[in-house]
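A short worksheet on the structure shown next.
Chains here go by letter, A, B, C and D, matching the order in which they are written, and residues are numbered from 1 within each.
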């Protein structure tokens, strides 16, 4: 059994890790920490876990975690950076669901996150945790900076277009119009996330600049080996879970000559969690809710030169905790879908 | 492996059966029938099942089902009544998620369902499928008339109060104020179930008489051995899944002298799926969503003589398809929670 | 023009007052105060008011309000109590949308609100602001303690049954099972009111005791002249606006002999805002959303002795700001519906 | 008083017309027709109108409408085309909320709507009903083909960029990523519009081609005098009302040199219903819900060459019935906001 620790179990990615790990046949939940809740059973805070999860919160110290094989950080940025070094040096593998180890450029990190990066050396060893793109590196990683939710949806939407020898699209004018459920804002009390504010309404946010923009641009370049530029507009949907990315690309001549449907199907044919839907499909977020799948569809409206790729994930599963478990499975040599076989909850 | 057939797989209880059975380790999905969809892969209609369920719809005939060990009917009333006899006589066990085999009194059936009962003899052999109340009879049943969604929530709320030697409450003045998500209305296109009608609104329905009223009154009498009378008011909640029953009972002197919390905890201590929450708890439907649990809490506001029992289930799981799988497990000698271990999806 | 001031304009009842008063033909919005937002245009906080409301927040001082004819307090309890005396003594009429002047018994106030009442003498002069029940007293009141949202729905549901010479029901065993949209919890950042918590879920709250219980019991006694006892269970509905009260009463012999439909229709025939719906009707909260109407229906299921009254209002309008404007109209001799003619926004 | 008739009052745009016209001081509701509901009071179908609208449905014949000054068609496509001629020839002005008189090219009409156009001559006289763009022509029009909901939001988002002498953007590569509430699908019973399907989910639809695409391209050309090409992707948001259009344009050199905020503010400074929000604003659909406003914001993320315009309307008001009343006001010489002064219902 793999001994797992969780730092920061009081948010939605933390509770989602518990939901998934409680049914993972190869995992033992060894510790979960939260400074403010020491001694409280986790199931008191998340009654959905009652009768199945009996562990209580402990102090967020090295002592609590030192017997773990792997530790997940489901914490705000800055927390993992402060604690990961000690764990990694003790031989404990770390998966950060937060943002501390995503951006390779510390200047970019400081610009977007408003704090200096305290572990630049450790950052160099971190592997970017988008499993379908960096599986081999993750296998042996000591430290994984898990991909963000929007970046997961957008990169998987674009990956087949980027890995060919020559570009198929204008990689400098990509538009990613993305929509997320409200759970993406976390479990923090904030007026803008109140039911009475977010319900029955729709809006864009972060239009002038969102932290996932540099992550996506970096990620696309990691995949293609070439720089990319995109316009990224996140929106808030009055639902709890789910992301739909609607990605617009300008096809160049090579792209126009390509059978995009075939390209996507071939590219992802061996991926357990990637579902390239049939031509003309219109994936709905509900079809992945609670599951680790991404469902994709490729369109070329009116036969014009702009292709539209639709990509949907559950932001708390494939966009966070499910992908974290998927990474754990890769890191420990388990079948990638172990503990992740749940189907989407629909309706 | 138990060979399972499903009649009527195009509604929500049908698709929910598929979601659950796809992960059941002892079940093989042998046939699913739908007159209108013969040949169509089930996953075309329910894309949430893609990559996991490959079966296609077949004709709703005996031929399609004759190799099954057990057949679920997820059909409108009248359908199971017409087909169950042939199956049962062929030795195939039947679990009806519909209403054909719930009411023992055929006059009552005809009054509430507006059709004569065509199988009165078979009806006599049918066992009422509320597992926690009739487990032993279900074990050997050929035909189970599964309890309805509201009846499950209300009966489990009241059962501990009814099984004592002497009554604890006025069994003639029970009030069950019940609230259900919209999926309870099924997947039928109807103006009243449209998003634009049901969303951001709340209403009572069936106030003058709802089919679950005679079922609940019959069920309470089966449990207590005494007649009961209740006022039952269902309401429609702008959410997809979940039932909360708020049940009001007048405590008699014996009831006032009873420690209700202790009574409930003891009564249900061995039940896997019944969670008697701590004193003062306020169960939320989200804490059972997608799972087969019922969560209960008992209150006695202001120390007065009216007790309030709160009971919550997922109407599609414990209120229908999950309870059907639970019944199957009992009928085939499996641990009762086989294939039903999923935790609630929250948030 | 009536000069109106608002204290505490940053919550939902405050912004709702602005929505209604902006179109009131006899009202001039003279001042709106908020300590934290001095100088900020109200429409910056509530962009729905842009292009129509140009006033900015001012200091919450007597100076800001002294030229008003009437001041609304849309504040947490305790605030109006501290400021109303000075205003009333200066001849400015006060309408408190909060709870400071509802309960006549200061001991009860302290028990339920956890603070001593600082204005017991002023409290004696306060009129309870349920217009349909206390119109004449409101006409000449200096200080109105506006009825709460649930109390408005429940009292209007029961009033026709209570005003007859002899009782029609068992007034000691009333059950009021009430459901409210999330805006009832206000605009305060709190985890329980987050979209991801409240959406797609349903729960009871305050079962062991809610502040509206003593207010309703007091209000019913004010109407009937006799003590009443009820069990009151509020629930949270995943919608923004709306209350539905489902009220259960045991009819005595006189009640059983009464034509309840006729009783209700006659009782409310002259009320502009009370709509007694036809026999068998099932009022939906959406049918009053954004309007000041209450819609009622009376049922007697199965011809048994328990009657069920359904009563629906918009908690922010008839349950708060609309009723406040209605009270203002009464106090200043205007037609009661002035500025309140908007129809419900449906769908 | 202007005598108004409504053909097809049983859908959402019909009931919304009633909500607005009931408070319009210069309008008398003379007739409302519906073949299936003759004799039924409108308020029986739409109880939100009770106590205010007493008219009943009549036969959809010329006889019912011949005394009207103006007739609104709130009908599926094909209906207005069949009846408008007779009315117009009788001197009755017609406003079609449907699609029959939007597309000037009958070939395009037939391609997108699947039926021949039966009134090509009448079509030539029809004025396109986007008031802010074609106010003068509407003033004297006999027949107005009201702009669709998405086309209203998108055209108003782009209009300031198109009316300058020289182009500011690449008018051949516009992307309009649009999101609408479910009421846009109308009041027709359809599985895809069920609460249990649409709630807690998000999807694109009509990606390969939507009827509003040719309307928008035609409308943009009407404004600019030049051809335009856009990629238009509509999405379904789990809310009832509201459209947000997120429009992406590539700025050319002239565009890059333009102060877009100033351009928009100046362009719309005299429009009652157009609110150009301050720089950096993120308009929410809730801020226009139930009102006739459009709220706009212009962004240029990262100072790059793609501008993002956000445009929000209530699809049933500015996108249909409110714009219809606005057109009526223009046609009859009334102040444009008569009967349309309601503020948005928020929260």
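Here, a residue touches a chain if its C-beta (ideal position, glycine included) is under 8 Å from a C-beta of that chain, and two chains touch if they have at least 3 such contacts.
Because the structure is a prediction, the values reported are computed rather than measured.
Shared contact partners of chain B and chain D, listed by label: A, C. Of the two chain pairs examined here, B-C and A-B, it is B-C that is joined by more C-beta pairs in contact.
Chain A and chain C have centres, each the mean of its CA atoms, that are 46 Å apart. With each centre defined as the average position of its C-alpha atoms, the distance from chain A to chain B rounds to 37 Å. Taking each chain's centre as the average of its CA atoms, chain B and chain C sit 39 Å apart. Multi-chain contact residues of chain B, defined as those touching 2 or more other chains: 12, 181, 183, 187, 196-197, 199-200, 238-241, 283-284, 286, 289, 346-347. Across the complex, chain C is touched by residues 173, 175, 177, 179, 181, 196-197, 199-205, 207-209, 213, 229, 231-233, 235, 237-242, 244, 246, 248, 250, 280, 282-286, 289, 299, 301-302, 304, 306, 308, 310, 312, 346-347 of chain B. On the side of chain A, the complex with chain B involves touching residues 12, 15, 19, 22-23, 46-52, 183, 187, 199-200, 240-241, 272, 275, 277, 281, 283-284, 286-291, 293, 295, 341-347.
Within the complex, the chain C residues that touch chain A are 12, 181-183, 185, 187, 189-191, 193-200, 238-240.
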